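First chain A sits with chain B, and in the next complex the same chain sits with chain C.
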Partner chain A sequence: MKLHSKTILGLFVLMALMLPLAASGNKFFAFVLGMTFISLLWATGMNLMYGYVGLMPLMFAGVAGVAGYAMVHFTRTLGWSFWLAMPVASLLAAAVGVALGLPSLRLKGFYFTLCSLVIQTVLTLAFIFFPTYTNGDTGINQVAPPDWFGGELTGLGMDMMLAVVAVAGVLFCAWLVKTPLGQRFVAIREDDVLAEGLGIQVVRCKIIAFFIVSLYAGIGGCFYAAYVGFISPRAYDVLVSMNIWLFVAFGGRATIAGPIIGTAILAPIPFLLQDLQAFKDILSGVLIIVVTLMMPGGIYGAYVAWRSRQAHVASDGDKVQEQRV
Partner chain B sequence: MKLLDVNGLSKSFGGVAALRQVEGHSVVGETLGMIGPNGSGKTTFVNIVSGHVRPDMGSLTFDGIDIAGKNPHQLAAIGLCRTYQAVRVFSSLSTQQNIDNARLLLSHRGLDQAELSELLDWLKLDHVLGKSAGSLTLFEQRRLELLMRLVLKPKLIMLDEPVGGLAVTEVIEMIQLLKQLKARCSIFVIEHTMRVIKELADRVMVLIAGEKVADGPPLDILKNKRVVDEYLGAQHA
Partner chain C sequence: MTDAQLLILLSTLSTGLILGAIFSLVAAGVTIVYGCVWLPNASNGQFFLLASLVAWTFTASLGWSSWLAAIAVIVLGIGLSYLLEWILIRRLYDTPNRNVAYFVVTLGMTQIMTGIFSLTYAKWSDQFSLPPVVDGISMLGPFPLSNNRLLVMVVSLFVLVALFALLRYHPYGRALRAVFQNREAAALRGVDVRSIYRLSFVLGSTIIFLGGILFALAYSFDLTVAWTMSITAFAIMIIGGPGSVIGALVVGMTFGFTQAIVSIFASPTAATFSYLGAMLVILLFRPSGLFKR
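Here is the complex of A and B:
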C-alpha cells in the first residue's frame, strides 16, 4: 500500500517535470501550464489548512498578495534579486498571515471562514489604498521575470522552475502530513476540544499551520507576479481564494492526490474559456454547488469511497462463501 | 498525600451560581465520587479542574502544583485528564488512529508496545483497531476513551458519568473495569446514581445547587439526612 502511493507520487513528479518540455512548442499552452503549477502550489497550501487542519482560510489570496507586492517592491525599489526578495517577501507574508490569523485562532468552522473573509476584504482594500507600494487599482505592470545568472528566467526555464516549485510544495505537504505535526492537525480537525484534552497544543499547532500555509500562499504570490508580469488587487482578491478552495474541494480535501486532480482539471478552464467570460463564472458557481451537495469528499474522495465499497462487497462475498464451505 | 486539592471554588454563568465556595480534596490512590442532581454543578466542577473553564474564584492544586489557569493540554502533560459526559472520540478516524493521537503527547516516553497490548487486551479493543471509532458501540467507545487516557500515563482520571447510556449488563461490566482501573491510577468519578458510586467510590462528595452538602464514605452519605431529603429520597436510606 505504502509502495503503491509512493509509486503514484513518483509518477506525478515525473509527469510534472516532463510537461513543460511537452508544452514548450506552444506559448499559450506553456503559459496555461505555468499558471496551473502556481495554482497547484496554492491548492496544496490551501489543502493543508482546509483539508488537514479543517479551517477554510479565505484570506489566502490576500496573503499571497502581500508577498507579491512586497517582492515587487524589493526588486524594483530596492534593487534586490528575485531570489532574495521572494523568500523575504514570503516570510513577511507568513508573519502577516500569522498576525492576522491570531484573532481567529479560537474560532472554527463557519465563524473562522467569516473572519477570514473579513481579513481578505481588509487586505484587498489595503492593496487599493496604499498606492505607494501597490499603485492602487491600476496595478503594477511589467514586473520583471526572475533574474537568472545575469539573464532572465523566462520561457521553458521559468516553466521548469514553476514545475519544480509546485512539485516541491506537493512533496513537502505529503511528508508533513505523515509527521506527528500532521497527525496533530488531523486530530484538531476532528475534535479540537478532545485533542486539547489529550495534550495536543491546539493553539500552537494552529499558529504553525498558519505560518506554513501563508508561506505557500506567499511563494505562489511571488512567482505569480514574476510569471504574469502584472499584479493588481484583483489578482489577489477573494474570488482567487474561493477558486483555490474549489480546486481542493473538487479534487478531494485531506488527500495528496485531491488538489492535484482538482487543479489539473479546473485551473486551465478560465484560460481555455477566455472568450466566454460570463460562462466561466457561472461554471465555477455551479461547480461549487455540485461539489458541496453531491461530492463532499471531492473526486478523489468519491473514488476512495467507491473502492472501499467494492472491497466490502468482495469481503462480504468471501464471508458468504466461507459459510457455505 | 493529597493529589487534588480544591478550595473556595466559585463559578457563575451570567448571574446563575453554578458553584459556590466548593472545597474538597482527593488522596493518591483514592477513588473520589461526586453525586448530585442534574444542574448541581458536577460537570462545571470537572470542567474547571480540567482547565476547560476558568473559575471566578478559588484555588486549585494538583500533585503539589498550582493548576489555576492552566490549559487542558498542560494538565494532560502533568497527569490530569478527563472523559466527557457525552462520549468523545475522533469518530471518523480508526480506533488505531485514535490511540495514536493519544500517544502523541508522550511519544517515546510513553507506553511501549507490550504495555499497549496489555491495555488493548484488558479493555477488549484489539479486534476493533481497524474500524472507524464512530462505528463502534457506545460501550466500545467508552472503553476506547479510557484507553486513550491511560496511554497518557495519568495520575488522576476524571470520569464524567462513565456508564451513561450503557445497557444494564454493560453497566455491570463497566463497573468491573473501573474497579480494576483503581489499581492503575486515582479516579474522580461523577455519577447521578448512588448505585454506581456505592460500588466504586472510597469517598463521596455531594453537590446540591452548587454547594457541597456532604463529604464522606458512601455508607455515611446514605445516612446523611440532608442528602436523603433533598436528593436521594427515602428508598435509598
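Here is the complex of A and C:
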C-alpha cells in the first residue's frame, strides 16, 4: 500500500497547524515549537540549495542575520511596522545574498563551500565590528514582537503565525521543485556542463536559486529576531549554518520530507540541553560526521532504500510462489 | 640607521621568521594532505591548539620539562593521527568528490573539539604558556632575543628544510608526489596508494601538531588561536595553490612577516582580516592559486 504524497503533505499541514494549539498550555513547549518552525523554514531553504541545486551555502545564517539586523533597524530607528520591515529586510538580504553569490557562481563543490564559509566569517566579523547597526558583540535585546492591528502578536497568535509561515515555505518548495525551474535545478546539480549543453541557462538559474534561498534565510532571520527578542552575532554565525545544513542532511537532502524529519528530531535538542551548550556542539559535530560517513541519504533516504529492498524481497517472494504453483 | 630603527627591524625580522616558519609548517601540513588525499583539514587550528594545550597540561600539571612534553605530544599526535585515519578518514578514500565530504567531516571535528575545549581548558585558564626550554638571552647587536625563541626559530626552519628534503629526495616523497599528480598512474607503477594516503595524513597532522608545540614554546596563547590559525592556514593553502608545498612556504613566510609588521601598528586581528580578503580574491579570480603544482 502506498500513501499518496499529497495526502502525506496534507497531513503534515494539518498537524503543523494543530501543534501550536496543543502546545499553547506550556510556555516552554510552545517556545521550542516556535523555534522548530523557524528552523523548518530555514532548513527548507537550505534544502533547495543543498538538495536541489547541489551547492552547500555556509553563509546562510549570515544572510539571515543581515535581514534580522535590518528589520530591527527599520522597526526601531525608523519606526516602521514589522509587516513592512520584514519584507523589505528580506528583499535586502536576498539582494545581499545574490551580490555575495554572484562571484562564486563559477565555483563548484569544495571551492564553493569554502568561499561561502569565508563570506560567512566576513559577515560575522562585520556584525561584530559595525556596532552602529548591530550593537557589536553585546547584541540587541528587547526586540519588539510583530505589531498586530494595534496590539502585539505574541503567545499563541505568534506560534500560529510561525506555523503558517513554515508551512507556506514547505508548500512553496514542494511546488517549486515540480516546476520546470525546479527540474533545471536538479539538472544543474547532476551535471552543470551537460545542463549548459542542453540549453539551460545555468548562471541565470543559479542566481534565481540564490535569490529564493536568501529570501528564505531573510524571512526566517526576521521572525527569529521578533520571536526570540534578542539577536547577537552568535545567533547568526557559522555554527547556525552548519546546524541548518545538518537538519537537511540528517533528514534526507533533495526530498520534501527530509528537512521536516530532520528539523523535528534535531531542532528541539538544544533546548533540552539548556545549560550544556558545549554538549550541543559536540553532539552536532558527532552527528555531522556520522551522517556524512554512514548515511549520505539521511533518514528519509535510508527509509526509501529500505522500502525498495522490501518491495524487491516481496516481489521475489511472489515469483517463487508463482513458480511453485 | 639609528639604534631604535635597527631594534624595530631586528624585532620584526625575528618575529617574522618564527611566525613565518610556523605558518609555513602548518600550511604545508594542510596542503600535503589536501594535495594527496584531497582532504581539506578545516580542523587544523584545533589540532594546532590541541598540541599546545596537551603540552601545557604535561608541564603545568605533571611538572614535566618542555622538552619531554614536546616529545610526548608528538608521539601522542602520531598515534591520534593513525587512530583518526583508521576510524574516519579511510572510509572515503574511494568516493568521488570526496573533498566536500571531508571538509564537512573536519568541520564536524572542529565542533567536537571546540566543545571539548570549552568544557575543559576554558574553565581552567584564559592564558596558557609553556616554561622555556633554555634560559638566557642572546644579543643580536642592540637587540635582545631570548635563547628560547632563537631555538624555536632554528628548530622550525630546520623542520621546514627537512620536510622539503623528505618530499624531494626520499622514496616516500617521490611516491607522494606521484600520487599528487596522478593516482591511477602511480598505482600502475606499483605505488600502494592507500598506504601513501595514510602516511600523508599522518605526516600532515604531525606537522600541524609540531607547529602547535613550537608556537606554544615561543608565545603565550589562548583558545582563540585555533580560529586564527584555521583561517591563516587555509588562506595560505588557497593563495599558494592547493597541494603546492613551495606555495605554502612562500606565502606562509609572507604572512609571517605581514603579521609581524602589522602587529607593530595595529592588532593582529587586522592581519587576519587581510588574509580573509586575500583568500576571497584568489578564490574568485584564480582558484588554482599562485603556484600551480
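Rule of thumb we're sticking to: the second predicted complex is superposed on the first by the 312 of 325 C-alpha atoms of A that agree within 3 Å, B and C clash if a C-alpha of one lies under 4 Å from a C-alpha of the other, contacts with A are read in each partner's own complex, and residues count from 1 in each chain.
Simple rule for what comes next: a residue touches a chain if its C-beta (ideal position, glycine included) is under 8 Å from a C-beta of that chain, and two chains touch if they have at least 3 such contacts.
What you see is a predicted model, and the numbers here were worked out from it, not measured in a lab.
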**Request:** Determine, under the contact definition given at the top, whether A:A278 touches first (chain B), second (chain C), both, or neither.
**Result:** second
**Request:** Classify the contacts of A:I289 with the two partner chains as first (chain B alone), second (chain C alone), both, or neither.
**Result:** second
**Prompt:** Which partner does A:F149 reach: the first (chain B), the second (chain C), both, or neither?
**Reply:** neither
**Request:** Once the structures are superposed on A, label A:P180 by its partner contacts, choosing first (chain B), second (chain C), both or neither.
**Result:** first
**Request:** For A:Q201, decide between first (touching chain B), second (touching chain C), both and neither.
**Result:** first
**Asked** Should A:T113 be classified as contacting the first partner (chain B), the second (chain C), both, or neither?
**Response** second
**Message:** Looking at A:V193, would you say it contacts chain B, chain C, both, or neither? Reply first, second, both or neither.
**Reply:** first
**In the superposition, chain B vs chain C on chain A residues touched** = C
**Message:** Output the chain A positions appearing in both contact lists, the one against chain B and the one against chain C.
**Reply:** none
**Message:** Quick check: in the complex, which residue numbers of chain C touch chain A?
**Reply:** 40, 88, 91-92, 97, 99-101, 103-105, 107-116, 118-119, 231, 234, 238, 273, 276, 279-280, 283-284, 287
**Asked** How about chain A: which of its residues touch chain B in the complex?
**Response** 180, 183-184, 186-187, 190-191, 193-202
**Complete:** Within the complex, chain A is touched by chain B residues 50, 52, 71-73, 76-77, 81-82, 84, 88-93, 97, 100-102, 104-107, 148, 152
**Prompt:** Which of the residues in chain A come into contact with chain C in the complex?
**Reply:** 56, 103-104, 107, 109-111, 113-115, 118-119, 121-122, 125, 239, 242, 245, 278-282, 284-289, 292-293, 296
